[in-house]
Amino acid sequence: MRGGLLNLRIWRDPILVAISLVALWQVLHEIAGDSAVTAPAPTLAHLWEMIGQARFLPHLRETGLAFLQALAIACGGGVLIGVVLGGHKLTGEVAEPILVALYSVPKITLYPVILLLFGLGMPAKVAFGALHGIIPVVLFTMNAVRNVNRTYLRAGRAMRLTPAQTGWYVLVPATLPEIFSGLRIGFSLTLLGTMLGELFASQRGLGFLLMTAIDLHDVKTILSIAVLISVFAIGANAALLAIDKRLHRGAAPEAHEKP
Amino acid sequence: MAGAPRLAAVENAASHKVHARLEGVTRVYPPRAGHGEVHALGPISFDLRAGEFFSVVGPSGCGKSTLLDVLAGLAMPSAGTVEFEGKPVRGEVPEGVGVVFQEDASFPWLTVEDNVSFGLRRAGVDAAESKRRVDFAIGFMGLRDFSRAYPSQLSGGMRQRVCIARTLVMQPRLILLDEPFGALDQQTRLLMGDELLRLWRETSATVLLITHALDEANLLSDRIGVMSARPGRFLEIVETGWPRDRDSRLAERPDFGAVTARLWSYLRGESLRAMGQGTVAR
Amino acid sequence: MAGAPRLAAVENAASHKVHARLEGVTRVYPPRAGHGEVHALGPISFDLRAGEFFSVVGPSGCGKSTLLDVLAGLAMPSAGTVEFEGKPVRGEVPEGVGVVFQEDASFPWLTVEDNVSFGLRRAGVDAAESKRRVDFAIGFMGLRDFSRAYPSQLSGGMRQRVCIARTLVMQPRLILLDEPFGALDQQTRLLMGDELLRLWRETSATVLLITHALDEANLLSDRIGVMSARPGRFLEIVETGWPRDRDSRLAERPDFGAVTARLWSYLRGESLRAMGQGTVAR
Amino acid sequence: EDIVVTHYGSLLYGVPYAIAMEKGYFKEAGVDIKGILTSKGGGTSVRNMMAGDTLFAEVALPAALSAIKEGFNIKIISGGTNGRSSFWVTRPGEAIDKPADLKGKRFVYSRPKSVSEAITLSALKSWDITAADVKMIAIGDFGAGLTALEHNKVDVAIIPEPIYSQKEKAGTKYKTLGWLDEKLPAYAQTVGIATDEAIAKNGPKLKAVIEARRRGVEFLHANPKEAAEIVAKAYNLPLDVTTNAIDNIKKMNPTWWSRGELAMPLMQSMADALGSVGALQLPVDWKATLDPQFVPAAAAKTQ
Amino acid sequence: MSKAGWIRTILLVGAVGALELACRTGAIAPTMVTAPSKMVTTLVETLRSDEIGMHLQHTLSAVAIAMSIAIVGGFVIGFVLNWVPFLRRAFSPFLAAYYAIPHFAFYPLLIVIFGLGPVPLIVLATLFAMVAMILATMAGLDRVPRVLLKTARIHRLSLVEEIWRVRLPAAAPHILSGLKLAVAYSFIGVIAGEFILSTSGIGHEIAFAYDNFDNPRMYALILFVLGIVTLFNMMVFAWERRMLRRRGA
């Protein structure tokens, strides 16, 4: 198979982009100066040093733990809800407008409600993360399910699949590319949401580090954390893309046939 | 396919004189985006006898696929009732019914092999038996070279064969086929027809076949329902009287042509009517 | 369709003895997901004569649709060259070519009417003329009651007719048809075939028709290419020698059956080979 | 138990708590503090305290006043920090040397009707300059203000400690406008609060927290060097920065870290400042707002 | 009203009723959530005051600009990425990762580049909304049946015509998920930005109420935002329903 994870060719182009991003960063630094953007080299050195410190690990673990739980909820729940809302017309028509409208309100304003429901601490952070990430997954899945070729559904009914089987064996594979688009957005937003949760109340976590850095106007640390998170998110995205490609390789449309 | 547990089917077929029954069935598509309601089918009343091979012919757009949907439980009749093996069919496909659709219904995310074994796996047939049936079906459908290919790598006719295989491996007691050979060349059609006949004989399944080829309908069927232009009704149900033990050599019989000619004569007017009609409410 | 500006087409047809030419054309699908490369077509060399009606018959999966793609400029040959009206065809569809695909290619977001007028609008045909042609085509295709319906409200055969109408209203000089009547009943097929012949005579367009019905190929064509099992090559090109001014009554001629029989004899072996073959690289 | 301290880990309100933690004063006073939560902004700090099992919070006085005014069941039970801990700065070389130079200049503050706005306007008023004479620009946080200052989008910004010391160390030059608030009356910045429920149930613990904090303040004055070391560790800041920052604050205002006493006049002057920008409705019903029972005798004495 | 509409109404009325009850009986403290009736009366009061019009105008114009740029730009960029395999390969891993970046940390940078006006807000919201649109566009274009593309080529459509008359309508149902997110994210981007970056706008008013513990006003304004967003969404939903109906879903 071409497109294996170790294939150099598929990494070349993203690496070129990454290099251009760093160059852009340098340019921004030249324009804006240290008080808005520190230069790439010292920032990366600072990041390296930060990661090396023993006190960094508990922060990372704290955020990681919350993030993983939130991610599981956002992805699992998102696909499930998406399939149900997309597959069952009435449920979808009833629930979708409510969900989307609620989602469109900046989550920060819902903070008191989250506090009310989940209290202070880990559950609230997880809820905050999941809340950010779940709707994109739901929307992408739901929309794809709604537009699934009706013949596949008819074939499923003719084979007497239960609703759950139809969901898992027909709707999910038929909509895999969209689900993965949703998952990619959902992944990133869950990460962001988890950190936002830490901004509000915390004693540990990347969000805590970020908040104190912002408070101190410690631009180098702010950027270091941003870079760390971005690299993580980009890596995860690339992995999701690769999985996606493998999973629907048969159904994948051929590249445009160029004259 | 061959040599599979078919005793159940035989018993079942024997115990029901009538395998499926339609009574006063009509289907009207409700008005929708840009078009008024369409009275597509009926009223139709007829019995599908247990173990018979029944074909339906009729002009394009007359309601054949609609009839199949209603019979399979994929669509609810607007009026009337459908029964299968004595139990009412209401919006759900009964166990023991297999359907091949007019459209390409192969799952593009599965290989040919996985497409064919899809229903078996869901039904919990054990792996060895499943593999045996699938291998046989794939080989018989001429897809052995492509068992690991995906549908996007197949020609139109090959995809249609995948769908036929997927249904037949399930060994349904009532097989509903909507122009299953539409994208196949005539020689392949004949081969498939013969094999379908053999299968039908061996399993005593009941078959309802929608086809456009009158010769084919004639050759394969015990009875042939000729449908009118929309709203589809049976103008006539022709009994062929062919022996159960028949194959494509039947076409050489002198009385064979007479039946085809009779179908022709019924249909000529209906097709013209279907193409030129201007009577239905917008 | 009828009575449209057809002088240009006539002149064009006259000035080129050869309308389209394939030389040493092959097409190999590259290996992809789960399957090795597929040598689908050729090498094929043949000339499509200006103004002729050429049919292609062959077993399922032999490369007919692939041939059409290459000829239309929709796919590049892996080797060899394609020419249309003296100019090479390289990955772009030349002006004056119309295609009806094997799959349903109706635009689901457009009404029947808008589907049919799709090409006309952009070709700058004036509104009145456009309306005239579209109305005629819709009526002729028996879709008058459904001109404002969307494809999802049509039967399989009706959708196919929409696609045929969409292509014919453009009055192409080379018409490529991939099993256009596959979902139509025999009577409708005959009607359509006759109309296609009339159109062909009137416009002097060149027609290449892929079909599974040997009778149909025989009836309609000046020449019939019989394709081998994959990789598709012409085993034989049969000249029918029918008069230009023919219609479905031709089938009553005594020598008609002989041509069909000849096609049959070529194809029998190929279909068997196509279904049972086990020679190609995985 | 957890407590909430506004901007703990960045700004210096939390110094006494860090010392008390490090030195074990909390335990000695009879309360086992597990963690100190930080949070951004007064609104969130108060909400966090109400939602969680947190015992006590040190938050900005305006937040406490608004919350009480809006019916939140909390009381102010101790004093926190008083007076200023930040610098008004402009770009080096900018010709702002006397009150008259301020006219028409662009002032940055965090949010409308916030402390920073209230205090800035009060300071200007003390030089007879009105809001109409200058341009007030809200920008969110101090960091953004500094960036804006550097890029000449504003003329005067506020830098709190330890950011100032940190910037200084990094070599960034500012021109401080120390005279700007000379005539400004002293005001209270942060206060200790607790819910009515905690007051009823956990009196001794609250007392212990306030007492431990008081000891932290004493220690800070007695051992400035060690205090700076403790803060450097707790806040993860360089030692010279914390040393410098604590020094600077002490220079500006020796009693910035109060010993816990509820200093009425200081709170009143903050309330007045807020009232003047419309951030608070006057008068404040102090009786309903304060609960002085936990202020330690030792602290009350020094007042 | 449709069946779904009725059920939705009943559900909402039920939920609101339950909340009202919980608030009235004191199960939920007014310091946490305000009773719905109070929200509405406060909203009416708020809307009567003069300044709200100005805030509304600021917010809505920023949202409108961000949304339009995001939708059109997102489609164009998605199309280009889909069209040029090299670009797609290169940029795909970065696109969705964008959402993980704590953008609020970069406000100072935005101010430096775009100044202190509404521009940084609009930039922020546009970027936030656009990425979802790009991803949905790419996924949608992948779904365009090949036979329809072939048909476009047979008709010798120009690139623009092909996009406009074939690819866009064919992909439209799939692009909807991006469109819905783009609507949501334009609102979120602008309003959340106003929390910090601005001295006017609905977002600023909400943040102000939040900081001042003015719960009734805060919830009233959130309710108001909900209302406006729902209005926008309803247009998208109506369009979607019509489209799906035609296509036989």
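Think of it as A, B, C, D and E in the order they're written, each chain with its own count starting at 1.
The definition used in the following text is that contacts are C-beta pairs under 8 Å (C-beta built on N, C-alpha and C of every residue); 3 or more make two chains touch, one makes a residue touch a chain.
Chain-to-protein mapping (UniProt): A, E = ABC transporter permease; B, C = ABC transporter ATP-binding protein.
These numbers were taken from a predicted model, which means no experiment stands behind them.
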Number of steps on the shortest touching-chain route linking chain D and chain E (ABC transporter permease): 1
Contact-graph distance - origin chain A (ABC transporter permease), target chain E (ABC transporter permease): 1
Winner on C-beta contact pairs when A-B is weighed against A-D: A-D
Distance from the mean Cα position of chain C to that of chain B, given in whole angstrom: 28
CA centroid of chain B to CA centroid of chain E (ABC transporter permease), Å: 48
Euclidean distance of C-alpha centroids - chain A (ABC transporter permease) vs chain D, Å: 37
Contacts with two or more other chains, residues of chain E (ABC transporter permease) listed in rising order: 32, 108-109, 111-112, 210, 215, 246, 248
Residues of chain A (ABC transporter permease) whose C-beta touches two or more other chains: 32-33, 35-36, 112, 115-116, 214, 219, 249-250, 252-254
Where chain D touches two or more other chains, by residue: 50-51, 141, 143, 146-147, 151
Touch list for chain B against partner chain A (ABC transporter permease), complex: 72, 74, 92-93, 95, 97-99, 101, 103-105, 107-111, 118-119, 122, 150-152, 163, 167, 170
Chain D partner contacts - residues on chain A (ABC transporter permease) that touch it in the complex: 32-36, 55, 111-112, 115-116, 119-121, 199-203, 208, 211-212, 214-219
Interface residues, chain D side, partner chain E (ABC transporter permease) - complex: 41-43, 46, 50-51, 63, 66-67, 69-73, 111-114, 137-141, 143-144, 146-148, 151, 153, 279
Parts of chain E (ABC transporter permease) lying in touch with chain B, wherever the complex brings them together: 242, 245-246
Touching residues (chain side chain E (ABC transporter permease), partner chain A (ABC transporter permease)) in the complex: 2-4, 7-8, 11-12, 28, 32-33, 83, 85-86, 89-102, 105-106, 108-109, 111-113, 131-132, 135-136, 138-139, 142-143, 146, 173-174, 176-177, 180-181, 183-184, 187-188, 191-192, 195, 203, 206, 210, 215, 218, 222, 225-226, 229-230, 233-234, 237, 244, 248-249
